[in-house]
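Below you'll find a set of structures to go through.
What follows is chain A paired twice: with chain B in the first complex and chain C in the second.
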Partner chain A sequence: MSLDRKVAIVDLTTGKIDIKAIPLAVRKQFLGGRGLAAYLLYNYSKPGCDPLGPDNAVIFSAGILGGMLASASARTDVMTKNPLTGLLGSGNFGGFFAPELRYAGFDHIVVIGKAAKPVYIFVHDGEVEIKDAKNLWGKTVTEAQWAVREELGDPDVKCAVCGPAAEKLVRYANVMTGIKNANGRGGGGCTMGSKNLKMVAARGTMDIKIAHPHEALEFDKRFIEQITSAKVNQTMGVLGTPFIWGATNSWGGIRTNNFQFNQLLNADPIEPEEIDEWSKESMGSEYNMSACFGCQVHCRAKYKIPDTPLARKYGLVGKYDEGPEYTSQGAFNGEPGCTGLDTLLMGNHLVDQYGVDNLEIGSTISWAMELYEKGILTTKETDGLDLRFGNDDAVIAMIHHICKRDTWLGDVLAEGGIRASEKIGKDSFKLLIHMKGMQNLHSDERATPALALNLALASRGSDHLRSRPAIDLYHLPVDVMRRIYSSPVAYDGPLSSDHTEYIGKPWQVAWHENCYMAVDCLGICKYHTTFLGATLPNFEDWAKVLYYNVGLEMTPKDIWDVAERSNMVERLFNIREGMKKDDPFKGEILAERYFTEPCKRGAPDVIGKKIDKPKFLEMRALFYKYKGLDENGVPTPESLKKYGLENLDKEPLRI
Partner chain B sequence: MADDKLSTAESLRSTRSYGQVRCMNPSCAGRITPAPGQTQAKCPKCGSEWRIFWINAGLPRVKGPVWETSQRLANERLDQIAAEAGKNEELAKKEVK
Partner chain C sequence: MEAKVLMINHEKCTGCRRCELVCSVFHENVANPSKARIKVEKWEWEGLYIPMSCKQCVDAPCMNVCPVKAITRDDAQGLVSVDNDMCIGCRSCVAVCPFGAMNFNPMMKKVFKCDLCDGDPQCVRFCDMKAVDFVDVRKESLSKKRDAAFKISEAKKLGATIQYEG
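This part shows the complex of A and B:
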């Protein structure tokens, strides 16, 4: 069956392993993936625990459709209390790990405690073992994966692994799988490092029975056609995700020089077409794109690092990698104001091998660059490094220093912006662009209030994958928007197809929050949903794919409720860990520069835009209302009851 | 479970436009129809100019701005905003008097 996958609770302190079934009632409430991860994290991490201590938990969680006949059913959520923010930490990667975990008989691995020495967890055909990782510790992300395959004598082992940055407890270290699939933005790698856990390795040969196989195959054809016929996915299949950065930089919707500007001028060398050309040339093939399990889009370019003076200096000429995603373009080009293609390809490669979040490290370096240009940091603190914007060499050097913690500044920045600002002092905190303690992604939302609202409200901190109504930018007719945003629950309030407007946006953000949570519970890719196009699947389509594959008969509204409930659990976790709506460190508020400094670059209609604070606060209040929260963003007793969460505190474990 | 009924997302496929790009000036978003193979196009509505890349023969996309035009239009808009701000300042001073 597809619903008989289990959860393993592994205590690294005692070595005890509990294997439990997942009750159907819990499944129906949370489905899988991120939803069930949130439920497990709430129950298995101790309130107020040190994120780097044994009382924190790290949850590896496959989506309920993982490895089945749904497009790109490849996603794994890793959830923990984030060492960077002290709030919810959650990341999501594709690749091949989730299907393998399910073929090995499990959906979720809960890790608590701390091992006395480096270990790894091996999951295979219904069994779980804790094994010695002495030979894996210190290895890079790919080295460790090849080493464990050799050790286990099986080249098909799939790994969720942390890299050297996690071993050094860089607070934004990732969990990785494959060459470049990153479970970023959640600090899960750092938590693994703190537990002396190098990886979870999975290998399975257990069947997953499809509930209605013939219908599932028939419907999947429709599902795939729907996904691959979308213009956005046809573009992605040629240019990969960099096309998003290219589009956004065209109109001035990215941030550069630590939010001082909003467009990287004359960025031709790193435009997606140039990356595509280099990918083809360096790989010697027109067929230069790769994909995750079961995906037809193929959004990742393969490449080798070019022979340039900078690449030679760092010994990276000819190194293979995949991507770079549009987040790396932001992190290593837009943010630090660099236009070198080699900088992008090297930066992307280094973060993949060290296992560190590209957005956080890029934003942190660009913040340090502004501090340097304003005299808050000097060459004394930078060990002589010239940290001016546009210095490609300095960006690459700082990636090494942060991941190795081998200079004063590298060590300080490895702690993340808020802790670093305490050590650096002066006005450094004022220049930190963060939400809930996490530095911003590389986009600039001053011309897009809906996207700005999403940033402030995202459960894991400043974020582009929690609720980003990106189709807002397509200027869809209002009647088309009405069709999308009135399903599966009725909505007859205002909507605006002008993305610079504030009206109607709180509902869009609320709707997308549930849409993206549902995708994460199912374990399919966000690029296959309304994230990037009105014609891509959402709740109505998922009800069918879920029924045919898993056999769960749920209406679109039922799936919506799962998402609503799961989002509420994430919010309850954050509130438990100290989130208050206006707190400058952990609150649901934008960095002040959003409200005070207007956009200076880009298309004519973007110039001068900034977020209107009173209107922003009105949007936030309306969002709270839509989500069944009180004026402080806390779920009301009625909402808790409606979603069966009133006893979440008193009933710590139902599994 | 009946699967013959099209979902909202599926039915919206009929509304797709091909061979066109949107002007990337956000509040304009006018439709531009570049001729096949054309590598630059000007928005008939707001005058912004864009470099065009063809994903395939029927699918153009905006590669990026024509930088010179983009910067000229941006500077004009900046000047306009500064002038408006100046006017408002003068108005405020008069009101104070």
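This part shows the complex of A and C:
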């Protein structure tokens, strides 16, 4: 049977480990990955708990296809109550951890309580142990993984590990695996740090039975061809995610100098082709890409940091890393207005080693830069650091200070934007670009209302991977859009292929929210879905891949329902933890600057654009309607009943 | 015609390990890389990934060392095979293989190795990068000669430039 993986509930306070089976009924309701993680978090974290206290839970969750025959079936969701926002915290990484966890016999590790001293959890072939992490504590992300492999005498141990930033309780510390696979959002690393948990290490040699092996192999071959034949994936396989930078920046879709501009000028040194060239040169090979488990897209470039004055100053010359992604380009170049390739490569390397969210730290530093230029912060608060935009050195210095909390400003910014704004005072909060307390990606959505709506509604706070209907920008013919957005449930409302439009967008956002939730439950990568192209796999394909591998007979509509239900549980969690739709701190509303400041740079269809607030609120109301929510964004009793969630608070725990 | 061989170019490998996955599914009907006949050895911290598999050696040490003659080579197919009925699980072949290509299944108490999937190696079929390829060894040798010659000529040009400038 393919569905024999288990859940381990590990209480670090008592040292008690409970190993439980996953009932088939629960599987059919949530599949795995993020969906089941949401269900587990709802049940295993105490309502209203302190995210940094023992009552919070942190859940490591492999998708139901993890390690099986589906391209890039390698995603792990880590879910917790986010120390940064107090709402849902969830991040998703690729790499090799999820397959290894499943080969070790487990789908989910639920960690509660708090250890008295640093520990790590070792999962291997059906067993779970809590082990002493004295020799791992204080180590960087790669050092710690290296050390545990040495200790266990096995180079194939895979780790979900937190870095020094998590130990210092930086509120946006990541969980990491491998060199650079980051659970980039949600503060899971910080929760691990608060529990004295350095890592979950996994090693497994157990079979996962494939339900229909011959058919699975043949279908997988076609599935892969479908994925790799898309131009977008071919490009990504050469240039990595930075390939979108050139187009987005010249168009004016990048947030620069915090939010003052929307295009980085003189950005030639960090164009994707430049990064690619450096990557090839520094690795001494024309083949320079690395991949997650079983993935043909291979979107990460390998590189070594060049010998530059700045790299020499920080002792980083020749250090190996992977990436640098589109997000790092924004975090360390676009937002702080820096154009150095070495700044990008070093920034990327440092966040990987400290284990901190590149997006959050880059945005936070850039926000501080705007405060500095506007006189709200002075050299007194910055310890003499010249925090002007375009100061590459200051960006690298601030990454260190935040992760080590060794200066006043570093310590304050480690608390995240909202808490920092309370300490800094004046008008600092008004300049913060956040939704639900989470800073935004470096992108600028003022010309794309659909993407802006996604930001405000994302369950884990401002986010580009919860729904983002990015195919909006491809200007697909409406009949093609109709085909995508009318399946697997009928939709005959308006649709518009104009990215600046407001009509039709609420449905697109609602549709993509379910699409990405489904993918996260399956545990495969979003680059292999309609996120990037109309021809890429969809609900129909997932039903087949699920059947051939796992043997579960589910229709595309059944998978849609799983996604709808899982999204609803995430929403219920947020509501339980205090989300109110118009709350400027925890609400489903854009930062005010989206409504008041027009775009200053970019293409003619971008310049002058801002989000129309009444239209935005209309979109949100329609989204609520599509989702079966009332006017406040709360699931109606009928919707709860429809998805079997009416007794979520009262019913006995089914796992 | 010479039998084809598995040729590995580790420079092309992205380290995804799909070869391990499809190998285990094809042979054992399960997803389990530890039962794969091919394995990607990885030095993650340097970005070095090297797939290791059986070379189907002509003068195969595993075959030579086998005390019960359970291992034989078919020259026409270029394939070294283990007869499971004869294998006594002594693991001499595991010890002697210079590439670690012979594996031991502790449940079956037998050794197992790459069998080229009846002439259609799944690792090759699923490797998008062609880091693992199934080729005619003479053709491969010719193309390697050509690549190496090209590199040497480039190096010469580079050397000449440095001499000229220096």
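To be clear about the criterion, the second predicted complex is superposed on the first by the 654 of 655 C-alpha atoms of A that agree within 3 Å, B and C clash if a C-alpha of one lies under 4 Å from a C-alpha of the other, contacts with A are read in each partner's own complex, and residues count from 1 in each chain.
Everything below uses one rule, namely that a residue touches a chain if its C-beta (ideal position, glycine included) is under 8 Å from a C-beta of that chain, and two chains touch if they have at least 3 such contacts.
Note that this is a predicted model, so its numbers are computed, not measured.
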Joint occupancy of chain A by chain B and chain C, clash or fit: fit
Which superposed partner A:Lys221 touches (first chain B, second chain C, both, neither): second
Per-residue touch tally on chain A - higher for chain B or for chain C: B
Which of chain B and chain C A:Val10 touches, first, second, both or neither: neither
Partner chain in contact with A:Gly246 - chain B first, chain C second, else both or neither: first
Chain A as apex of chain B and chain C, Cα-centre angle in degrees (nearest 10): 90
Touching partner for A:Thr500 - first (chain B), second (chain C), both, neither: first
Partner chain(s) touched by A:Trp146 [first = chain B, second = chain C, both, neither]: second
First (chain B), second (chain C), both or neither touched by A:Ala447: first
Which superposed partner A:Ser290 touches (first chain B, second chain C, both, neither): second
Least C-alpha distance (whole Å) that remains between chain C and chain B when both complexes are overlaid: 15
Set intersection of chain A contacts, chain C complex versus chain B complex: none
Interfacial residue positions of chain A with respect to chain B in the complex: 215, 218-219, 222, 226, 229, 231, 234-235, 238-239, 243, 246-247, 249-253, 265-268, 271-273, 447-448, 473-475, 480, 483-484, 487, 498-500, 530, 534-538, 540-541, 543-544, 547-548, 553, 600-608
Touching residues (chain side chain C, partner chain A) in the complex: 11-18, 21-22, 25-26, 28-35, 42, 44-47, 49, 122, 125-126, 128-129
Of all residues in chain B, those that touch chain A in their complex: 1, 3, 7-10, 12-13, 15-16, 18, 22, 24-29, 46, 48, 50, 53, 55-56, 59, 61-65, 67, 70-71, 73-74, 76-78, 81
Residues of chain A defined as touching chain C within the complex: 67-69, 96, 99, 103, 142, 146, 155, 178-179, 204-210, 213, 216-217, 220-221, 224, 228, 283, 285, 287, 289-296, 298, 302, 320, 322
